[in-house]
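Look for subunit A in each of the two complexes below; its partner is subunit B in the first and subunit C in the second.
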Partner chain A sequence: MAKAPAIPPAPLTPSRRTTILFGLALVAVLSFLALGLQWGQLLPHGGGVEIAGNFFAAAVQPAFTYEGSDFLPADAPAFLLKVGLALWRTLLYAVAAISLALVLGAVFGVLASEGFWQGRRGGAAVRLAVRWFMAVLRSVHELIWALLFLAAIGLSPAAAVMAIALPYGGTLAKVFAEMLDESSPAAANALHGLGARPLQVFLFGRLPRALADIAAYAFYRFECAVRSSAVLGFFGYTTLGLYIRQSFENLHYREVWAYLYALLLLVLALEAWSSQIRRRFVA
Partner chain B sequence: MSSSPAFELAGVQVNLGGRPVLDSLDLRFVAGDMVALIGPSGAGKTTLLRVLNGVIAPSRGHLKMFGQNPADLAEARRRHLRADVGFVHQDHSLVPNLRVLQNVVAGGLGHRGFWSSLRLMIRPVRADLMRAHQLLERVGIGDRMYHRTDSLSGGQQQRVALARALFQSPHALLADEPVSAVDPARARDMIALLTTLAKEEGWTLIASLHDVALAREFFPRLVALREGKVAFDGPPQDLTESAAEAIYRLDG
Partner chain C sequence: MNANTPGADSAADASWEHILELRRKRPRSGWIRASLWVACGLLLTAWTTTGIRMQDLFGASRMERLDRFLREDAMPRPLRDGSGSLWSWMAELWHSGAGTAMLATLLIAVLAIVLAAFLAWFFALLGARNLMSAHPFLPHATADAKSCPQTLPRIARAIRLLCVLLRGIPEYIWAFLLLAMLGSSAWPAVLALAIHNAGILGRLGSETVENLSPAPLRAMTMMGASRRVVAFTAIFPLSLGRYLLYFFYRFETCVREATVLGMLGVLSLGYEIVEARAHGRYDEMLFYVVLAMLLVLAADILSDLARRWLRRGM
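== the complex of A and B ==
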């Protein structure tokens, strides 16, 4: 029997990957140290034990009617109706905002993609300008946009919608552009080879390949928009956040949980709907 | 007519990544020629097909497609030249999540304006629909017209790609390793189909093949490439066994 060839010696230096992993772990530990984190603080102590106990005890018995009706105005709607309306308005803001964001994302995502400019002039300059503009839009968080609008024009539904639509548009454009450019160029190249114009190559060779990913990501961002819309209530918009804050300030924890469960139900419903549509795209 | 040149290459050199992939090629293919391109991997077969398709410009020398040098033309005219050449890619290059029908009618894009092509791709008129179906019947998968393309087998997708080329009504068909992914029996069927269609349509057919026996059996002319140069050009009976071995030899 022939002797097996010798196994080549393994390199003795730690591999690049190991070095990077250790480096990342070190950065994490350093950031904990810099912040002076004390994990023990996460456990309630003293009077906090009772508050935390009350709060989490309320989780298993969310409110179906108002907690403590002493200060209720005479014309207050039934509690569940109030929850339902808050949820409905949360959804409305999210739908309006994501619709605008999708238009922004589609237009600028296409303009920022490499594939769209293949076979055309002027792509580099436009792409750079669009990518910078989108980076500016999304570098400001929706809560900060809301604050800016609040300072500039006060409480207005249009301002709330724009506060979500602008950063979401920036994010959608960036991700759409990446999805368009990461999809396989094979079909697009074939269409170019059979004499199609650049716009035809893009529309019929590139876009359809990326469409399933784009739709799935748009759905995910819609879900995020619902949460953002709820949180904008903290600034006084009549979405879930407003009532969560009010109930919280009144120490009506069971009401807080009712609102939170309502939000959870909405997000789960959206998830069920989007996964159904995703299955249609994939199958 | 049969002797009018479809493709002429004079001193064509193509450099990719700083080294010559094709080196001073002089070749002439006339209308109706049926040619098998053979040679080892990396010899430049795919690059030559892409040059003939007009999507890679020679670094040196020049190419004439149907009597015209694409380098002398404006882009719009170059597109029209490309529209006259069908190409069946090794990986099919179809859009997998579109229907078979849409991939087939995409072959007509080179001849359409913007609105007409939207119509063609989204809701083709009856004439286009009938033509697409007829072509799919011709390649043997008429019943798959409304299936999603990626639900078809590799061999069937190859036929979709061929139907797309037929829809294009080209003067020439280039095929890059059209049978690399199918078993020998299906490979024979595919080459028989290709050569039959080429005869019926009067195409100039140039197909790269790794199977020399198939090439000998179906093609009246073989062109062998080795290291970017023409190593053989002639009828199969002139290619001796030892010459064929030399083309595929590993050294050098």
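== the complex of A and C ==
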């Protein structure tokens, strides 16, 4: 799951609490009005009623074979095999993307952390530059990166991987730097006092303290990368999104649910895996 | 170990022995080792079997295309053919819809995150195991769980599963599905963001409630307060601060996601981006991308300030 706030919030006084809650409610109401929304639009109408009815009815009976086999090419793989392959490719795109993002995040995260620059010169300028660079990388959404790559160089699996890896690398670098700086400095200070060089202080004093948090967060981002890689299918890559879109547009809702359940199973499995890993790291 | 032994060599040997001893006794986990092997296997498979080749990005034809893109397609029109100033070009785009699209993107995110937080607050309570037990907040409640009624724990489990389902499906897919049912308005984008984030905030909220110090809650229960009273008079104020930290963290990601949901056809920045691309106006597309970037950066800074304010406690 997401990074827990390391520094707890200050207690809220009742008056401050009221101000915050009323403020948020007010902002929401203003957004509602400015967007020109109406409550009536929340219910399906027109053709939407039928789509919604059929779609949710299909939720309890996901497809195990193709729905409507009229237009199938003769060499189409068995449906479940197709689902499995799409899921497998979704996973592998995410693996490739997160591995690049980890390299980016590790290098720039270390460069952006305060601990690494203790006892060295030039830290402030480099840190500022790296922080801004990372902020730019992560403030462009992975789907926008994907579109930019499509426009600039065309469709390529490597471009899909880069589209995920760039913003994720930016996020990982920011969070890694924070974790390195928020970890207890006791060991680092002790090593420094013993006369260790800055690199030794960092490698043996700072890094081990933060490593469990870093691993847990990296795994959480991997789960996010799986979802992002599924969505990239909407732009023509052969991950789950492509088939969800195709099946939905062919009105094969039971197939859509098969893909959705496959994605959910993968996400659940990864969450179970990561919570097992975290339990062993904490213990 | 023993630094006083005569002869530096034996001292070094002894301390080396000690290091080896420590290494042998380090905590090890078969699970983590197996996970590392699986990770290596996946990594190898991903880079060898999928056709993902990084050199593909730098091939001659790709470079040519990139060169043309940067020199011609993406170069703002006034710079390309010398017609008018860059500034008036941007002002024109801003007034012809970019400004409203940017505002709409922000408002979609704001409305969605408030809706999500409201919904998730109930998920948080109903999914918290310490509240949803036959004897809330009592340490022995889990010990003799078999003799206790299991209705409430079952509800808690169901709510947690619901949260997984909600957050397991990406916002973009929720929006795609909802758009077909609800037709074109901002609702599909708002609901998609709200549904996904309710799943996330619900889970984080349950954890917050479970991690609260049990003493005050137990004391209230012992004096006869019902679950509802405890929830609204004790759990709510005690957990609000941390919940708000999560709220602002998710707000940031909501704005980021909102910039792309428009790609499905909701009037916001994503819509302008795909429209410009569809018409081959790559210079305008790049302008909208920069606007999206600035919006996300601004939301980042805003959420950072809000969280700092919460931590400082004024």
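Operating definition for what follows: the second predicted complex is superposed on the first by the 259 of 283 C-alpha atoms of A that agree within 3 Å, B and C clash if a C-alpha of one lies under 4 Å from a C-alpha of the other, contacts with A are read in each partner's own complex, and residues count from 1 in each chain.
Quick note on the criterion: a residue touches a chain if its C-beta (ideal position, glycine included) is under 8 Å from a C-beta of that chain, and two chains touch if they have at least 3 such contacts.
Keep in mind that this is a model prediction, so the values were computed, not measured.
Partners subunit B and subunit C, once the complexes are superposed on subunit A, run into each other and clash. With both structures placed on the common chain, the touch criterion links A:A25 to subunit C but leaves subunit B unconnected. Of the two partner chains, neither subunit B nor subunit C is touched by A:A163. Legend: residue contacts after superposition of the two complexes on their common chain; A:F204 is shown touching subunit B, with no touch to subunit C. In the overlay built on the shared chain, the residue A:A218 is in contact with neither subunit B nor subunit C. By the touch criterion stated above, A:L111 is placed in contact with neither subunit B nor subunit C. Comparing subunit C and subunit B on the residues of subunit A they touch gives the larger count to C.
Residue overlap on subunit A between its contacts with subunit B in one complex and with subunit C in the other: 281.
On the side of subunit C, the complex with subunit A involves touching residues 27, 29, 31-32, 35, 42-43, 45-47, 49-54, 56-57, 62, 65-66, 69-70, 73-74, 103-104, 107-108, 110-111, 114-115, 117, 164-165, 168-170, 172-173, 176-177, 180-183, 185-187, 190-191, 200, 203-204, 207, 237, 240-242, 244-246, 249, 256-257, 259-260, 263, 270, 273-274, 277, 282, 285, 289, 292-293, 296-297, 300, 307, 310-314. Subunit A meets subunit C in the complex at residues 1-2, 5, 7-12, 14, 16-17, 20, 24-25, 27-28, 31-32, 34-38, 41-42, 44-46, 48, 51-52, 55, 89, 91-93, 95-96, 99, 135-136, 139-141, 143-144, 147-148, 151-154, 156-162, 227-228, 230-231, 234, 241, 244-245, 248, 256, 260, 263-264, 267-268, 271, 273, 276-277, 280-281, 283.
By the touch rule above, subunit A contacts subunit B in their complex via residues 119, 186-187, 189-197, 199-200, 203-205, 208-209, 211-212, 281.
Within the complex, the subunit B residues that touch subunit A are 50, 53-55, 75, 79-87, 89, 91-98, 102, 106-107, 109-112, 114, 117-118, 121, 164-165, 168.
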